[in-house]
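Below: a set of structures, written as structure tokens.
Next come two complexes, and both contain chain A; in the first it sits with chain B, in the second with chain C.
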Partner chain A sequence: MLIGKTSSELRDFNSAQYLPTPSSRLLTMRSLTEEETRTLFTKLAHYTGKSLNALVTPDEDGRLSVFRLQGSRVYYVDKELANLSTSIPRDQLLSMGTQVGKFTKTGKFRLNLTCLDLIAAHARYKIYIKSNGVMPFLYGSNVLRAHLSKYSEDMPEHAGCVVVDENDVPLGFGVTSRSSQEAKKLEGTGVVVFRQADTGEYLREEDTLFTT
Partner chain B sequence: MGTGRRMGTKQGVPAPLDESKISSLKKRKAGSAEAPKATPKRRRSDADEAVSKKQAPKKKKVTAAPVKAEKKGSKKAVPVPMSDDDEEMEDDEFGDLDGISEGSMDSDDQVEGLSDIEDDDSVVDSDEENHARGAMFSDDDDSDAEERLTAANIEGLSRKLDAAQQEEEEDAEQELQDAQMQTNIAAPDVFADENQQQGLAPDLQLLRQRITDTIRILGDLKTLGQPERSRTDYVDLLLDDICTYYGYTRFLAEKLFNLFTPMEAFAFFEANETPRPVVIRTNTLRTNRRSLAQALINRGVVLEPVGKWSKVGLQVFESPVPLGATPEYLAGHYILQAASSFLPVMALAPQPNERVLDMASAPGGKTTYMSALMRNTGCVIANDASKPRAKGLIGNIHRLGCKNTIVTHMDARTAFPKAMGGFDRVLLDAPCTGTGVISKDPGVKTSKNERDFLAIPHMQRQLLLAAIDSVDHASKTGGYIVYSTCSVTVEENEAVVQYVLRKRPNVKIVDTGLGGFGSPGFLSYMGKKFDPKMALTRRYFPHRENVDGFYVCKLKKTAVTPAPKSDDTESRSTGRKKSRSASAASSDDESVDKTPIVDENGHAADFEGGAFSAFEDPEDAERIARAERNRLRRKGLNPKGVLNKPKKSKAEASQKTSKTEEPSQEEETKTVASKKSTNEPKGEKKTVTKGKEDKKPVTAEQVEKPTKAKGEKKGDKKAKKATK
Partner chain C sequence: MAPNKGSSKGPSVGGAKGAKSSLSSASRVSKSSKKDGPKRPPPKEQKSKPRTVQENLKKKKKRVYTEKELDLPELNQITPVGVVKPKGKKKGKTFVDDQEGMMTILAMVNAEKEGQIESKMMKARQLEEIREAKKAEAEARMKERKNKLENVKDSLRKEKKGKGGDKPEATIKDKVFKPKAKKSVAFA
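On to the complex of A and B.
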């Protein structure tokens, strides 16, 4: 049941039907409202756990990054940069900093592939896959048991995780289909992680990835 | 000296490997590496031998010469005065170079090659590749011919051959001509079959032979040429042949031909037929060159460092996997980027925590390089006028992990510095005709016409002025503008720079910091004299450096644009800019025509001050008002209603052009009579409004007007109906 839900979510994740029509676009750039922040942080925390805090506190240089909403898209951007960008006409501002994802019209939040940088650095669970599993994953398939190299021992079911290759290069992220204990018992072809985003999208979804 | 030959063999973009390496690097396919050297022999024939013979000695002399030149260059390069921060960097770099100069550059196999990369990388810092250095050039020329050839490419034969070289060249040419004389009996009569081939498909072999013959004759017209033929005859013939053989339009062929000596022009045209080497740039935000090279080598890619002038470039000779789809690519470890497009960024040398503008940034190779050099600090505004192209730009920026960028799509001519100014550095890689990248896009050969060579430079001027105005001259670290194009023509390069030097006396040309790599810009061209500092700008040619044809100019803004003049010109120029850019699409002709007048006229300033004030303002105002009313009526608006809020409509007004005006007037004359009867009531109404309006600009023509206006309006109406 949950699996079904997840996979439908997966399908939706990449589909273009959620792109807002031009008329519905609200081209205001602003910081998030309380509710939006909650939605967004819940989503992010799914992958980062408590280290989400690191995202919203100043780094060692004292530089603070903030979340900004432009249209339906949310950007994670250095505060100074965000302030600078206010002088650009809204309809001509295409992107700034890192795009995190977008709010759907129903108020849900969808993470975009581009937030990989953000969550990979603070990921709670990481799944390492063998080199023979890298290409299938980048082509958009789920992670199979046979491709697993190593993974966190304490992973529960349906937890957000970042998929990395053996050199610790992040490849994408997804949700686990089983807990680590169960995954161990799976046969080779069993799915361990449902893919949600992978870097292959830079090529496959080139046209829709950044549509505002 | 220790750095000498070994580095020599590797530096430079084309960097064909030594012979010794070829065995170890499995193979090198044509087109990947030794592009200019192995000129593409389309049809091998006896004729070609003449060519190759010819070319060989030429190259020798070329190679020998730069070596000498470099001696000077390398010594010179160090103390070149630069801005304080730059100087600091230079020192660092040279220190580094000393450290690694003994690095295994002459390694014979890949493993060593790698270690060499390692050496580099141990000192790589995203920042330090900003300046090519003189130290990298070799002093000794005791290598064999092959190596020299390489060295020549590498060393960036860029240096314009100075007088001594010229002599040497001529000697070599002479020699070779003598040799050919012996084999070829005498100078062939290139005009012999002038009339025979009309209407027939040209025999390319013969054509090629005739081209080489003609070039040879042009080299020494006195002895080889026929007395009754003038140089023009020969040049005409040669141009015709080149057009046929390579498929250029006559116009473009002539334009390109005039840039070079006949011999060099031929080499240029030849080089345009071969692809440039594939080069990738390491993204130092994500990885370093050593690990990237290792990862790619594990995938079976054959590569080596692009040369000493860049610490992030890797030249790819052969790849069993598509380089644009490897996991490393997707993870943002590198980007496919032509070697030439490293250069403007290296010249710009953005520093951390600066505010930098890239005015025409898609597809993002340069933007991401800047971002990497700034180590993701400060701010990079990446602008591009095209939204679809900006999409790829955003993709690259995110893939490469650049977090300090703002992507905008604005018309850079008007948007900057209006939307944002005060930049520490501005990179303007201007849209151009692309005559430097013909090998990439052969469509240029036929698609560019005179109009393009007027309209595009005009736009480039506007852009460059906007770039200069956006820079903060008081910036502690910067105040620089880099102007670059991927075109080789003078109109788009030196002429544009010359124009802005005159328009903005507060900028000056400074050294690009690219060292001896590339040739200096032209100081004069076809009777036009350019600023003596123009020699500091850099030109790159496919046949000399084996990079795309390219031009890089670095400007420093030293002061705010002088107040009295600036007020005057600024307001006017921005005003004109606005109207022009608005009307650019439809009435390029009009706007373009104005530029050369201001431009080539020596007294541009006088012109600026004087001529404009001499206009008959009242008369003009009347005409303008009339045209405006006509236009509005044509649009179906009531002029009276709209003209009360003139601001908006005027901006739009200039968009609609005089183009539509003429046909309407024609129609008007035709239709006045017939319309009068049919549309009586409406017509009357409008004439009434018309009359009222006319009271505003009071002139002698008032009497005439109503009738004329009536006619016009009716004509318009009819036109409208017709369209419906």
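On to the complex of A and C.
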């Protein structure tokens, strides 16, 4: 294939490998479209209350953070940092800011464990678990009735909630299996919260947690 | 035309002109003789088909109808009625980068979510009420049944106490009758 080419032509040919390939061209770092923003906020609002507004308004220092899409992953980044990141080639930019989650190929949004800090600060429902329930939860099991310490009273079923330990340290998030009234009547081994993500994943899913 | 003439007459006849012409002609000849060049197929005569041929007649008959002329009902088209894209609108994605846009979307999403949760809670409350009512009813029934049972028991006990003196006689009577029954059996 290379026969009969001059050295300059060869050089050109070699430099072609540094051009963005069609697949990497898809990885454009950009702000979200209207529809994407709606799906993202719907998912976030599942776990958070009205205070979610704080995420899109500038903080006390006047610094604003924005949501940026890189590939299928969504990051929550300081706006200045996002602007600076344009100097890095898109296909070489792996991650920046806080990863919120990713868009599936069907257009749904999946929250990642890394967004726990964002959610926990604005959580709508919190479930406190006893110290004897912390380790089972961190190993990936659901929250049982016996491990419950306290929980908000007016919780409906299938609502997103943040699981915290007794010292108010967020451990993960999940979805309630029953409303709080029904949970009261449940026996000790009954599942109260279906686990979605827990901080134990930082160890268990270490290899795949940040892969794009 | 001239060089050809020259060549036919021979190179000696003409002056400078003739020489030139002869050279050019010679070169042409030599080119054609030495190099065959790319072979071309012999030119074919293009016969124009008479208009009376069926194909020509058919083509003429074809007529393109516009959509208006066809007068089709709106649903019977390739693009459904609702999907017609507005012309002159910009293609591509519309990004939400301004804060106001984000806030409006967020407010809409929040309102929707609140509504959902509210309806969920309402439904849960109603179900809870129904459950409570059913439970109360079931308890009331159970109590009634128990009362009935107790009443029957009490009545039976009272009967027993009341008939306490007559019982021994009855037993004696039974004893008297029993042999008769046996006899009858033996007889049968």
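Note that the second predicted complex is superposed on the first by the 187 of 212 C-alpha atoms of A that agree within 3 Å, B and C clash if a C-alpha of one lies under 4 Å from a C-alpha of the other, contacts with A are read in each partner's own complex, and residues count from 1 in each chain.
The working rule: a contact is a pair of C-beta atoms (placed from the backbone, for glycine too) under 8 Å apart; a residue touches a chain by one contact, two chains touch by 3 or more.
Here the structure is a predicted model, which means the values were calculated and not measured.
Participant: After aligning the two structures on chain A, examine chain B and chain C and state clash or fit.
Facilitator: fit
Participant: Is A:Ala183 touching anything from chain B or chain C once the two structures are fitted on A? First, second, both or neither.
Facilitator: Neither partner.
Participant: May I ask you to decide whether A:Ser31 touches chain B, chain C, both, or neither, giving the answer as first, second, both or neither?
Facilitator: The second partner, chain C, only.
Participant: Specify the partner with more touching residues on chain A, choosing between chain B and chain C.
Facilitator: Touched residues of chain A are more numerous for B.
Participant: Touching A:Thr98 in the superposition: chain B (first), chain C (second), both, neither?
Facilitator: Touch partner of A:Thr98: chain B, not chain C.
Participant: Who does A:Leu171 touch here: chain B (first), chain C (second), both, or neither?
Facilitator: First partner only.
Participant: For the superposed arrangement, tell me the lowest C-alpha distance between chain B and chain C in Å.
Facilitator: Distance of closest C-alpha approach: 20 Å.
Participant: Quick check: in the complex, which residue numbers of chain B touch chain A?
Facilitator: Those residues of chain B that touch chain A are 295, 324-325, 327-328, 330-333, 355, 379, 381, 387, 390-392, 394-395, 397-399, 401, 403-410, 415, 419-420.
Participant: Touching chain B in the complex: which residues of chain A?
Facilitator: 77-78, 80-81, 84-85, 87-89, 92-99, 114, 117, 134-135, 138, 165, 167, 169-171, 199-200, 202-203, 206-207, 209-211
Participant: Would you mind writing out the residues of chain A in touch with chain C in their complex?
Facilitator: Its residues touching chain C are 30-34, 37-38, 41-42, 45-46, 50, 52-53, 56-57, 64, 66, 154, 156-159, 179, 181.
Participant: Can you list the chain C residues touching chain A in their complex?
Facilitator: For this pair, the touching residues of chain C are 93-97, 99, 101-103, 105-106, 108-110, 112-113, 117, 120-121, 124, 128.
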